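Please find the structures below.
Note that subunit A is present in both complexes that follow, paired respectively with subunit B and with subunit C.
== the complex of A and B ==
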């Protein structure tokens, strides 16, 4: 066995260790430990990705002395490694981009807890990505949920406490449904390991046995994960949680936490139930419908919003709708589009959140549109970054959002029954996206002459500007050279089954 | 004829005190037992009424949907729909359960190679008489490490919410956290004096015998945490801090979790890379047996005890 196969395990364990040790450190030391951890994990994930691409197939890693159905096991393929690499990079950038706000908004002496939570959150995301065992997935879903609650409420004001309570209730409902579905499926299959479960489910379907419990358990798991990732009718917790928490938390929650659950759902679809069986249950049609509704209603809510942070949060609802629409196509191409959109949305949404905070900072901290007038001139870096993010979200060529819209349209064209609704809603949603994002961009570039607010230059915010530039580069790279990424996704998905 | 005693001499006799107690003219406890009179927080009448009226007005303004007919209707429909939805969910789940394989049937899918190996060769492979402990701490050691971290992260979240600054804590120490309880309650202290050592020893026993008998780190740790809570409620934080303050709490927690992590990492890495395991399994049934189970149980016990106590202390006064 190559030594590099240890890397996924090492990166999960490192995160847990860093979280544990950070709980005894001072704020500054915890921050540096967190930054070092994220850098090391990025490197480890990059090595894993190149390794899996070079051997061309996934590998399994036994966690302990006992082989799979008895012990724990993790599995790394091209897709998992790509996701892990992406999660580490986005988290690193989001934390650096929001650091100055973190110092302001979090009570002094409690900042180290923020890094404890983010270390453990990363461990749970990596475990969700790499796990090959449903119960391990559930354990780390728990860690993920609690850590996300902590990230929301660490900025202590009434709004965030309320948002955290709301998030906790919805998220625990989702976890409970996932657990119920998991228990039922275990009762029917007798296994917790994904590959063994899949064999047992295929046998059940072939024998036509236990049809009702099987369907109910699939529905429970899907709905549970939909609630946790804020699909349209279950999105009530989202705007407050993203809109009022500190900016790093908003970026991490929108671009990583919900994506972790979506990735777990992809794993369940491909590796636990089996793509064809999942497709035959017609649940995909419901996901498709809710995805379409989310795309429209999320955008309409965003248009009605008068608060820039909440507007970006509502835009997340629409983007999650895109991802579920891709699931709902029920084809491999649709799934590839969805996974690419996970990456593209993660890169863009965290950029938007972090750019928005720069704009509100030079507008006296107000998030109302009227105050933001001309803020693009006062903080040029944030203005440019916000424009890039908006263009990417709307789907202008050169940026990542364009590629995901293109992939979605291609997937829609190849599906005869769902082509028309998907294309129509895609069009409407793009126009709605353009309305609220372009409205904001025009607003921030409307000159107003003399103001009481001071201008900000590169010297004042070097780290922040560097983070924005990194995000823009990431976006443009995803938009221009998307083919290698799509190839990796394709290769990963083909070895996923 | 008896002699009439002088009043001063008479006041010293038992009879005088007895008759005085009988007539109720003096409470014998006052001045003898330390008592803390409860301070009632009395606000001036006017402000209370004013505040109530203000709050009521605010509430009325926010929640009044009598005037808003559509909203009123919506709330009613909402409640009805929520109840109906819950009933429907319960019905679906109940119906599903009736279709599940009957419990206890030997042909159930759950009775397969997995549980067979756990039961048949669990003893040789893990060296633990308690098969459940062997399963969660050896076969599925990674899951349990995650589960322990759930406890850890839960404490972190409670700390975010309830932890108070040291300076404020010192200021509050004058006010005391036991405003409505008597200080130095003799009955509680006497009971705690007898019970605490027993509880601690019982907790340690359960932790150390986790691989031999029912129990283990989680249950033993919970018992020890309960003992700590009893001690602190009987003797107060000042006495507890002589052996368990925030510093020691941090050291204990971090050491326990790190030890667990190191043992776990050693176990995963050697297992996955096919390196020989140098932790002996021992003879099943002996106290020093079971390979990694015993040290992990000790770590988990320490962590759980710390967590239990930290929850109590944080909820009670916002600091350890």
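== the complex of A and C ==
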């Protein structure tokens, strides 16, 4: 066994230990430990990615001495390693970009708690990505929920606590359904490891036994994860949670936490149920329908919003709709488009949240559109970054959003029954996206002459500006050289079963 | 169908309880009642698991009288899952209760809709 095969396990354990150690550290020390942890994890994930690409197949790492089907396992392939790498990079950038706001908004002497929570959040995300055991996945889903709730309410005001309560309630409904579905599937198959479950499910379907319980458990798990990742009708908690928490939390929640659940759903579809069996249950049609509705209603809510942070939050609802629409196509191509959109949305949405905070800061802290007039001139870095993020979300070539829309359209054309609704809604949603994002961009670049607000230059905000530049580069790289990424996703998916 | 329901009455009761808990967590506006619903929901799942792991006429797999035969014991994995699940649900309940205390100190009510109304008035 190569030494690199230890890396996924090491990175998860490092996060857990960093979380424990941070709880006894001072604010500054916890911050540096967290930054070091994220850097190390980025490197470890990058090594794992190159290793899995070089051996061309995933590897299984046995936790403890018990082999399958009794023991616990970690499984890492190209797709998992790519996700882990991306999660670490985005989290590192989001935390650095929002650090000055965190210091402002959280009581002094309490920010170390924020880093404890983000270490735990990263451990749960990595465990969700790598684990091969369904019950381990459930436990880490709950850790993820608790850590995310902490990230929302670390900024103490009435709004954030209420948002955290609403978030917890919806999340708990979702994880209750996930747990029940998981227990039913365990009773049907007698296994908890994904690969063994899949064999047993295939046997059940071949013998035509226990069809109704099987479908019920698939539905329960899918709906549970849809609720947790804020698919359209379950998104009521989202604008408050993203809109009022501190900016790093908003960026991490929108681009990583919901994506972790979606990735778990992908794993369930491919590695537990099997793609064809999942497709035959027709649940994909329901996901497709709600994805389309989310794309339209999320955008309409965003247009009606008068608060820039909440507008970006509602835009997330629409983007989650895109991802579920890709699932709903029921084809491999649609799945690849969805996974690429997970990456592209993560890179873009965190950029938008962090850029928006720069714009509101030079507008007296107000998030109303009228106050933002001309803020693109007062903080040039944030203005440019917000424009790049908006163009990417709308789907202008050169940026990552264009590639995901291209992949979605290609997937739609290949699916004859769903082509027409998918293309029409994709078109409408793009126009709606353009309306609210371009409205904001025009607003921030409308000159208003003399104001009471001060201008900000690079010297005042060096780290913040560097983070924005890194995000812009990430977006453009994903947009220009998307083919290698798509190839990795394709290779990962083909060895995913 | 009906006969199945009767022989597996434990599972049927568990599903019923799950429904009650789920409905309470979703529909009640009082936060404490919501948390009670959450606990009923989680406990229902543990009942379901315990029912599934139990095999009539067998005992827990603790070897005392030297019987090593697998046929003498129940399936211990669901019991292990229940224990893990209990730990998770305790921590989640504690978190929810602490959030409820925070909100109550601030707004002097446990009604989530009332809290939303007061927040709108604050205009935050």
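Quick note on the criterion: the second predicted complex is superposed on the first by the 497 of 497 C-alpha atoms of A that agree within 3 Å, B and C clash if a C-alpha of one lies under 4 Å from a C-alpha of the other, contacts with A are read in each partner's own complex, and residues count from 1 in each chain.
We adopt the following convention: a residue touches a chain if its C-beta (ideal position, glycine included) is under 8 Å from a C-beta of that chain, and two chains touch if they have at least 3 such contacts.
A quick note: this is a predicted structure, and the numbers were derived from the prediction, not measured.
Participant: Quick one: is A:139 in contact with subunit B, with subunit C, with both, or with neither? Answer first, second, both or neither.
Facilitator: Touch status of A:139: both partners.
Participant: Name the contact category of A:158: first (subunit B only), second (subunit C only), both, or neither.
Facilitator: second
Participant: Contact-wise, after the overlay, does A:393 reach subunit B, subunit C, both or neither (first, second, both, neither)?
Facilitator: Touch partners of A:393: none, neither subunit B nor subunit C.
Participant: Taking the superposition as given, does A:169 touch the first partner, subunit B, the second, subunit C, both, or neither?
Facilitator: second
Participant: Of the two partner chains, subunit B (first) and subunit C (second), which one does A:244 touch, if any: first, second, both, or neither?
Facilitator: The second partner, subunit C, only.
Participant: Is A:72 touching the first partner subunit B, the second partner subunit C, both, or neither of them?
Facilitator: Only subunit B; A:72 stays clear of subunit C.
Participant: What is the contact status of A:179 with respect to subunit B (first) and subunit C (second): first, second, both, or neither?
Facilitator: Only subunit C is touched by A:179; subunit B is not.
Participant: For subunit A, which side has the bigger count of touched residues, subunit B or subunit C?
Facilitator: In the superposed model, B touches more residues of subunit A.
Participant: Check the residue A:272 against both partner chains and state whether it touches subunit B (first), subunit C (second), both, or neither.
Facilitator: So A:272 meets neither subunit B nor subunit C here.
Participant: Where does A:13 make contact in the superposed view: on subunit B (first), on subunit C (second), on both, or on neither?
Facilitator: The answer is first: A:13 touches subunit B but not subunit C.
Participant: By the touch definition above, which subunit A residues appear in both interfaces, subunit B in one complex and subunit C in the other?
Facilitator: Correct list for subunit A: 135, 139, 142, 146, 149, 153, 180, 186-187.
Participant: So in the complex, the part of subunit B that touches subunit A is made up of which residues?
Facilitator: Those in contact with subunit A are residues 92-93, 95-96, 99-101, 108-115, 117-118, 125, 138-143, 145-147, 149-150, 152-154, 156-157, 159-161, 163, 165, 250-251, 253-254, 257-258, 261, 264-265, 267-274, 277.
Participant: Under the definition above, what is the set of subunit C residues touching subunit A in their complex?
Facilitator: Residues 18, 21-22, 25-26, 31, 34, 38, 41-42, 45, 48-49, 52, 77-78, 81, 84-85, 88, 91-92, 95-96, 99-100, 102-103, 106-107, 112, 115-116, 118-119, 122, 124 of subunit C touch subunit A in their complex.
Participant: Quick check: in the complex, which residue numbers of subunit A touch subunit C?
Facilitator: Residues 135, 139, 142, 145-146, 149, 153, 157-159, 161-162, 164-166, 168-169, 172-173, 176-177, 179-180, 183, 186-187, 192, 244 of subunit A touch subunit C in their complex.
Participant: Mind pulling up the subunit A residues that touch subunit B in the complex?
Facilitator: It is residues 1, 5-6, 9, 13, 16-17, 19-21, 23-24, 61-66, 69-72, 109-110, 113, 116-117, 120, 123, 127, 133, 135-136, 139-140, 142-143, 146-147, 149-150, 153-154, 156, 180, 184, 186-191, 200, 210, 212-213, 216-217 of subunit A that touch subunit B.
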